[in-house]
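Starting off with a structure, shown below.
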Amino acid sequence: MTWTLHGTNAQEGDLVQLVGLRHKSFLLSLKAGAVFQTHRGVIKHDDLIGKPWGSQIFSHNGSPFFLLQPALGDVIRELPRSSQILYPKDIGYILVTMGIGPGQHVMEAGTGSGSMTTAFSFAVGKEGHVTSYEIRPDMQTRARRNLEQLGLDDRVTLKLRDIREGFDETGMDAFFLDVQYPHEYIPQVRAALKPGGFFGSIVPTTNQVIRLLTELRLNRFAFIDVVETILRFYKPEPLHFRPVDRMVAHTGYLVFGRPIIEDETQTSPDLLREIGLLGLEERDENSDDSEASPDLEE
Amino acid sequence: MTWTLHGTNAQEGDLVQLVGLRHKSFLLSLKAGAVFQTHRGVIKHDDLIGKPWGSQIFSHNGSPFFLLQPALGDVIRELPRSSQILYPKDIGYILVTMGIGPGQHVMEAGTGSGSMTTAFSFAVGKEGHVTSYEIRPDMQTRARRNLEQLGLDDRVTLKLRDIREGFDETGMDAFFLDVQYPHEYIPQVRAALKPGGFFGSIVPTTNQVIRLLTELRLNRFAFIDVVETILRFYKPEPLHFRPVDRMVAHTGYLVFGRPIIEDETQTSPDLLREIGLLGLEERDENSDDSEASPDLEE
Amino acid sequence: MTWTLHGTNAQEGDLVQLVGLRHKSFLLSLKAGAVFQTHRGVIKHDDLIGKPWGSQIFSHNGSPFFLLQPALGDVIRELPRSSQILYPKDIGYILVTMGIGPGQHVMEAGTGSGSMTTAFSFAVGKEGHVTSYEIRPDMQTRARRNLEQLGLDDRVTLKLRDIREGFDETGMDAFFLDVQYPHEYIPQVRAALKPGGFFGSIVPTTNQVIRLLTELRLNRFAFIDVVETILRFYKPEPLHFRPVDRMVAHTGYLVFGRPIIEDETQTSPDLLREIGLLGLEERDENSDDSEASPDLEE
Amino acid sequence: MTWTLHGTNAQEGDLVQLVGLRHKSFLLSLKAGAVFQTHRGVIKHDDLIGKPWGSQIFSHNGSPFFLLQPALGDVIRELPRSSQILYPKDIGYILVTMGIGPGQHVMEAGTGSGSMTTAFSFAVGKEGHVTSYEIRPDMQTRARRNLEQLGLDDRVTLKLRDIREGFDETGMDAFFLDVQYPHEYIPQVRAALKPGGFFGSIVPTTNQVIRLLTELRLNRFAFIDVVETILRFYKPEPLHFRPVDRMVAHTGYLVFGRPIIEDETQTSPDLLREIGLLGLEERDENSDDSEASPDLEE
């Protein structure tokens, strides 16, 4: 079971994506002698092994497919899931913003269906590691199955736990928090994440963002960013080039921050205010409202 | 010179980011005995070596800074550059969509200031490789310097070439084309990229997208997607939570595709039409819909 | 038949909107003795006449409805139509940008289902007038029926014509062009519209915008703006306030401009260049591409 | 003093817009014998009177201008102001959604610099009327001056009042509330607005939307919509057609609703729930979905 994106021809053990009519797509691992059944006919794995990637192939009844290596974005879209989707648009920005790359040690809670776990374990490579907590055994089981199919399971430690009790690990390079009430676990996250490490979370409502912002500040997280990512797709028609008619309007608000260490002997109110660690309380009491305080705005 | 995101304390050779007042930020490599000069005072590297990441530190005249490990997004923003910026928002989506991860062999043209080269070489890790072509020696020099500072230069081969002459390599896993007239080089790219590999490009104008779409189809690229990524940032104020006032409205249109191999003995017009390899010409002639027109815009 | 938004109680002749379960909505004109049939039961007009606006009423089988006066946005959404929709989001911006208000004389082509005709004739009031050309008799008939139901027909002159032949009127205050190939009729529009008048158009594809821009410049239109309007709706839930999941991504590009008169005895190349009436040709020949010419950018 | 958009030539008393280099624009009223001074030279009104709209004219030192009739959008942009801007993008959608057109009686609080007052009084025409409350005398004075310059003052009644004390009028067709804490005045607004009338408000932060939604429901407003309007402008260059680089990301959230009358003898929980007048409390207590929380954010 290998999910490789290198190489020119499909080989036994490779994870492949078959894309047929109406963008219907399947992920499977090639195994000599095995057979892939679809309502569009039967395909022998032996007919795929050795073929160049990008080949057009046909099922026994002539239904056409293309043989492809799936990118991270494709895998995320195809994974069996029972919970909220994390979209490729968000995942890409999370990876780039949270310093995720070969060699990092990343922690996550909760595991969910494992889409973010997949992204992290793909990106950290063989030398990195992902530790992922989940409270529901059924979700963990599904995530484990997904990771095994992708050959990523040996980079991941899955733990079953109510994270209110805290985490076993400390000094993590990055922590992604994707649970129902993220604002309730910030002290626990703070304890597991190394100072200066990368914190990220995704929440669907503005009410949750507001609560999370308050907790992050109380727990001395700085460099807080809140951002939405939006994708606008176009019809790829050279003679009628225009956006598609409808789009995803909302998946969630991404919230990022860095736990910092203050100097006990020396302090800089200006810098602390700029990064949001001073001044919140003052604003609460004195501010009439946001418009009345233009100097607080960026 | 190591750009590491692992570890808890700054060490000699580490790439560090110092963030001071007004979000003023600096990248430097720690070297025992060295001194960092800024208009906000002097900082001895020796005072940073050994400090935990996330620490608040002060220059000789009391100006405050935070000591951080920079994520890919931070590095891209800070790199010295002389050409068009590739934004983290686009880079994240490109990596996730083009199958970039540890171990891949990626090709790029042109190198420019090396921002995409940096992203690719970071993401492919030590086992991967990036080959990047550029026509202008000055740009290549700057990119090389940037890569050396980041310790990524041994994963990258930089070549000086007018890519109209084609590429030395074949069988590349992914190809990113970021030049002024990408539509002029599609046959050369097709020859370097393995079938089923990932093609990506970014262009600023719709006119360029239109030309590129035509060339990609003529050269048997399928699964073409055109998309814009948009980031909407919010003021992280829990009592006045709202979007920032102004935003980046446009960086470029991302165009993706996969070169595919058709079966010479068997064909599926339905699938070819769906993936855009049949029907373009018919539509031109027969369509009477509101957008139709015989002449392709320049 | 009166579409009034003044008054507190429904009266005979009034245009009313009934809104029932699942946001199912109906427009009707109140007539003593008449009966409104719906698959959710029967409602006697006499039971509505005299009721205060905003009342909850019930059909004979207990199905609930609210009795409302429809705003322009509601009417546009409810009009029977057979062609492309013009959305309230676009209409509002068109009215504000094209100087439409009580007393203006506005021209339009084509009439279509009459949604823009409705908006214009509502906004210009009794003292204004709308002249609308259409080539298809069936469309004109439908538009006439719609305008009659709304009591707006005496402010509107509907004409049947291939607009390639030009228009009977001159000196119009504003002209809205909503046809398949707007770029083909710019000289005719120029002849009908007064100098300094307001031109507007909506086209779905970038290819059409590009052609239209070229024609507008050749015909001495200045102050050209191209803009998309986007609405982002939110779930109105105070405890879970967030955007809706999906949204309309595209209706069309709005293109505006003003035909101007140049002074034959004196000229200002600077101003002409700024408003787009000089320099286009030079750019065509000399410019490498848009990025190479940063001084042309705003 | 007439702001007319009809007619082909500039006449004494007309409101005109002069647009010069760098999109520098001026509003003035033509008066025989008067002189317009600008740092780009002197222009005699007598040289403008009689000229066709759209003419290019020159100041005494040769600086070029165009002579135009300003649309509502242009006037709003040019008005002297001391408070938050209401943008044309929002105003157009407000007019179309709130049933504003010739003949309506509209109420507004606060007046501010009079931009929304201008829009309403323009749109309701001579037969309509606008009543606008403001607490600050200086703001009212500025708004009055603006309305007088536009010749709209006889359609507007300006009142000075702390609206906490309520309004003198009842049965208003529409009410636009643009004050710092709109959620504090909903009962007063309810008393002034006719049942079934149109309520609208604009607030900059999500916190304010959340509070306003709660108050609107408690005061039996239904058909509540929350929406943002976004404009995306393009560079009108046919050879390099693309969006502008930066855009306005946020002006405010528009909140609309209609006060309705419930039937005391008969009820429809289904419909009330659908329009948001039932079920809020239940959801608070019973919901265990990811966003739920007992405490409303402040």
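Here the chain labels run A, B, C and D in written order, and each chain numbers its own residues starting at 1.
Operating definition for what follows: a contact is a pair of C-beta atoms (placed from the backbone, for glycine too) under 8 Å apart; a residue touches a chain by one contact, two chains touch by 3 or more.
Here the structure is a predicted model, which is why all the values come from computation and not from measurement.
Colleague: When chain C meets its copy chain D, do both sides use mostly the same residue numbers (more than half shared) or mostly different ones?
Modeller: Mostly the same residues.
Colleague: Could you please state the distance in Å, as a whole number, between where the Cα atoms of chain C are centred and where those of chain D are centred?
Modeller: 19
Colleague: Taking each chain's centre as the mean of its CA atoms, how far is chain A from chain D in angstrom?
Modeller: The answer is 42 Å.
Colleague: Any chance you could list the residues of chain C touching two or more other chains?
Modeller: 204-207, 210-211, 232-233, 239-242, 289-290
Colleague: Should the pattern of chain-chain touching be classed as line, ring, star, complete or other?
Modeller: complete
Colleague: Spell out the part of chain D that touches chain C in their complex, as residue ranges.
Modeller: Where chain D meets chain C, its residues are 4-6, 8, 19-23, 52-58, 62-73, 76, 88-89, 91-105, 119, 122-123, 125-127, 171, 173-174, 194-198, 206, 209-211, 213-214, 217, 222-242, 244-245, 253, 255, 258-263, 266, 268, 270-271, 274-276, 280, 283-284, 289, 291-293, 296.
Colleague: Looking at the complex, which residues from chain B come into contact with chain C?
Modeller: Contacts found on chain B: 84, 180-181, 204-208, 210, 290-291, 293, 297.
Colleague: Applying the document's contact rule, which stretches of chain B touch chain D when the two form their complex?
Modeller: For this pair, the touching residues of chain B are 204-207, 232-233, 239-250, 298.
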